[in-house]
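Quick one: the structure is below, and I'll ask about it shortly.
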Amino acid sequence: MPEKKPHSNWRAKVHEIIYEADTPAGKFFDIVLLIAILASILLVMLESIESLDQQYHSFFNVSEWIITILFSIEYILRIISVKKPLKYITSFYGVIDLLSTIPKYLSLIFVGTHALVAFRAIRLLRIFRILKLVRFLSASNHLATALKASRAKISVFMLTVVIITIILGTVMYLVEGKEHGFDNIPKSVYWCIVTLTTVGFGDITPQTPLGQIIASFIMIMGYGIIAVPTGIVSAEYTKHSKDEEEASNKAKPKSNPIIHTNSQSCANCLTSNHKDGAKFCYNCGHNLHLNSP
Amino acid sequence: MPEKKPHSNWRAKVHEIIYEADTPAGKFFDIVLLIAILASILLVMLESIESLDQQYHSFFNVSEWIITILFSIEYILRIISVKKPLKYITSFYGVIDLLSTIPKYLSLIFVGTHALVAFRAIRLLRIFRILKLVRFLSASNHLATALKASRAKISVFMLTVVIITIILGTVMYLVEGKEHGFDNIPKSVYWCIVTLTTVGFGDITPQTPLGQIIASFIMIMGYGIIAVPTGIVSAEYTKHSKDEEEASNKAKPKSNPIIHTNSQSCANCLTSNHKDGAKFCYNCGHNLHLNSP
Amino acid sequence: MPEKKPHSNWRAKVHEIIYEADTPAGKFFDIVLLIAILASILLVMLESIESLDQQYHSFFNVSEWIITILFSIEYILRIISVKKPLKYITSFYGVIDLLSTIPKYLSLIFVGTHALVAFRAIRLLRIFRILKLVRFLSASNHLATALKASRAKISVFMLTVVIITIILGTVMYLVEGKEHGFDNIPKSVYWCIVTLTTVGFGDITPQTPLGQIIASFIMIMGYGIIAVPTGIVSAEYTKHSKDEEEASNKAKPKSNPIIHTNSQSCANCLTSNHKDGAKFCYNCGHNLHLNSP
Amino acid sequence: MPEKKPHSNWRAKVHEIIYEADTPAGKFFDIVLLIAILASILLVMLESIESLDQQYHSFFNVSEWIITILFSIEYILRIISVKKPLKYITSFYGVIDLLSTIPKYLSLIFVGTHALVAFRAIRLLRIFRILKLVRFLSASNHLATALKASRAKISVFMLTVVIITIILGTVMYLVEGKEHGFDNIPKSVYWCIVTLTTVGFGDITPQTPLGQIIASFIMIMGYGIIAVPTGIVSAEYTKHSKDEEEASNKAKPKSNPIIHTNSQSCANCLTSNHKDGAKFCYNCGHNLHLNSP
């Protein structure tokens, strides 16, 4: 049971608007936020185009400052309206929200850092909150389970790939040498990765017959071993889909809990994914309807 | 029940020829149409080759006008012979059929638009009508089910890829800069997509060691995450194949309805996939044999 | 029952050596044949290298003539030793065997055709005969079943890809135009295929921002739709593996017929895959031990 | 039962430290070894960068000699501390350990060979020993089973690919010729592999319309046939996962033997993967606690 601190009414209201997407005001806020994020990313991108920057420099600068200040206000409101500000600040979204505002302020002191504003792109993940949040996140979690299950196998695979590229990169360095663009072993290893992953930039290419034979071997290997991670993820995903299906078949009499969760977030402990119609936080027992801890 | 309007006999005949592929006349019409579409696309392609255009300009122009006029006549006949012309005009094929004739007329007014005639390529989808239409469409629908089921997961995946390319594109812009071809953030993001998808044009390539390390990371990631959509589609497809198989096992005493549909199309409501030997439209009850509403 | 024609003893012996790989002589013949094919391909390849050709022209020429004459003798022996020569001549291997000898003779009349000798590479398929023929071919047939089952779906997929490349190729031609290497629509379509298949040569690349946006779209699409054929083949292959497994589980009391076939080939009807210890051809009833029809 | 030879105490101690990772000393040794391997690879890479080599040549040289001498001492200790040195020397790790030290000594006699030190990268495989060795190796073995089962099918696939590239390479050589970079058949075949595997360097590209049509065909084929190995590995992997699962379901009452093995290695016969708490080697019966044969 959390201790009950007095909480001003406007803070409860702010919490509802900022942290939840069920009320019209909350939904409106989230959509405005998304548009602001997209606009902000677009601005940084366009500003980096020299010809546009020379023409509209002050417009870009002012717009960015407006968005940055809005984001800063939002960040402060988030801290104020939540009961445990430290928990929010140290959470994933808290760190991202901070990183989204800082670079612009830093650009007053250091030149060139404001491009880091592009880290705001991570804030786009909030889009899941609005567009049927829970179902999407469940889809992504489902995928995450499959990826987690195949982690060990993919690590073994990746390490093998790294060892192969180091060895073959060295061999290519010895075979082709500086005169054909394989300047040193790291560059050779880089070329080997470019080739094995079938990217093939073509800025460095083998010129000697032996080098081309080894390159052919690397390419066919790269073409073949892509089957390995694909096969692993496919199989794990099939398995987990089946497990889930069986589990849901057994649990059919019960209503599916995924559908009936909502976007409410506990004002006390920030837990989300509450059941529809839940009155108390399932995690800390705080009254959800009061929205003030 | 549709109201019965008097319908001239030649319109019923035209409907049968244009909309169906079961009668010899209907089949012949469809094959001629396909050849005309292919010829038309070939003409536009060849006309765009300067050396050929200079030599055979008038031949290309006249041929295209002939085909365009034929398509226009066909379009008008389609509108006349069907009972609900508005339904056809606003249908997918109706829009495509219109778009296939308009560009050539527009080229009289605007220069350079006639290349849009290439949109006629979409009309090639009609090939499915002739070559055992139903089985192919069923195959494609089956695939569509799997793709639809994995839509949410692939959206999550795609959004993640977009966010990754925006962030890594910005990082590459900061690391490599203008002097190595990473002129601005949009171009950097474009390069990042080129690399992550393992296309690798090689028109822009990282030159600094740090840039090459990040590029290696992007390439290995791109090589790895291709496993995700493949795994999803694989698993969903396997699941849907199984479901269908089980369904068809249970339904074995009944004859398989997929085999016994035909290419008839209701003159009243344009519905197709009628059962072989069906006398009335399963959708609106219109008499199929009369072919006139 | 086939009619029994008298067949000279040496023809029976030749048939056994040429068409079968179970006797030491037959096996020895097949290995020599493979080495001759490999040597012949190697010769053509090396001859095409100008510097080597200038130095060893007569050696290459003489060696090739020797191999070609040996192949011609082998081809004639195959026709003589088999009972139904027409059947062999019109069979897949018969046509390939003929195509392997003709180009060299043609090179006496036409210049430059002798490079077609590389079609001899198809003869390498005979390697399956020697290296545990039946098991390999069974593996390949198994694969063939999966590929055949997914033919309709892959046709739909391929046609869609072709239509997409024609439309997007035209769009890119209109957007980028001649000044950026998109000379005409066919070249644009070619570029579109290069990009969609993630090959990405980089000889033609979009330069305008709009062109790069469309290119990004094509690349992401190409990266995504590779999941479709992979998913189809995966699912079909899994299904067929399971079917086969179930079938073999039911048939377990019986000995597995795949293991116990041999490389004998009926002298009368050319059928192969006879059971070990079989005395008569299962197809035409001809006595296999006599090896003469 | 092995014969009991007297074995000095320090050799038993050395064996425990070098060959096992369960005791603190053994774990510490393995971590130091890994760091040394990584440092050694990094040194060779950095040394190959000309600008760095000129500045820090003597530092690189001395550091490498130190590591090489350490590796030599380790190699000698491994031979001394094990009962059957010949078995270790001829084992996979024994050969790799030797190859890791030799190149540096050879560089005293031959110039340019010391880059072969990069073969030390193979020693990185020892990382599996430390990071929960057994589970990782099991994951890799599991994968190996799937890959082994699909070996025959992939061989058939690979041979077909090789035959296709030889034939299409020759055709491209005849179509494009020397003036467009297809200098000779081997180079054409190399280009064909580059294209089929979707690497696409772009150093050689078809210029004639016919060449581009054939190239388009090769690319679409390459894009499509990647589905084949992926499908095979996917299906085999799914099958083996299922088999294993079923086997483990049946064996559930028993404790899972994979979890309870440790990194001990028999001093007598070098066998590892002993059960936790095992007192005698399951392979030769040697007392594991004595650690001296």
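Letters are used for the chains, namely A, B, C and D, taken in the order the chains are written, and counting of residues starts over at 1 for each.
The rule is simple: a residue touches a chain if its C-beta (ideal position, glycine included) is under 8 Å from a C-beta of that chain, and two chains touch if they have at least 3 such contacts.
Since the model is a prediction, treat every value here as computed from it, not as a measurement.
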Practice task
Could you compare the number of C-beta pairs in contact for A-D with that for A-C and name the larger?
Solution key: A-D
Practice task
Give a one-word verdict, same or different, on whether subunit B and subunit C use largely identical residue numbers at their interface, taking over half shared as same.
Solution key: different
Fill in the blank from the handout: Farthest chain from subunit C by C-alpha centroid distance is chain A
Handout entry: Whole-Å separation of chain centres (CA-atom averages), subunit A against subunit D
Key = 33
Problem - Where subunit A and subunit C are represented by their mean Cα positions, the distance between them in whole Å - result: 47
Fill in the blank from the handout: In subunit B, the residues touching two or more other chains are 186, 198-202, 222, 226, 230, 232, 234, 236, 238
Fill in the blank from the handout: Within the complex, subunit C is touched by subunit D residues 152-153, 155-157, 159, 162-163, 166-167, 169-170, 173-174, 178, 183-186, 189, 195, 198-202, 205, 209, 212-213, 215-216, 219-220, 222-224, 226-228, 230-232, 234-236, 238-239
Fill in the blank from the handout: The subunit B residues in contact with subunit C across the complex are 41, 44-46, 48-50, 112, 115-116, 118-119, 121-122, 124-125, 127-128, 135-136, 139-140, 142-143, 146-147, 154, 158, 161, 186-187, 190, 193-194, 196-203, 222, 226, 229-230, 232-234, 236-238, 241, 245
Fill in the blank from the handout: Touching subunit B in the complex, subunit D uses residues 198-202, 230, 234
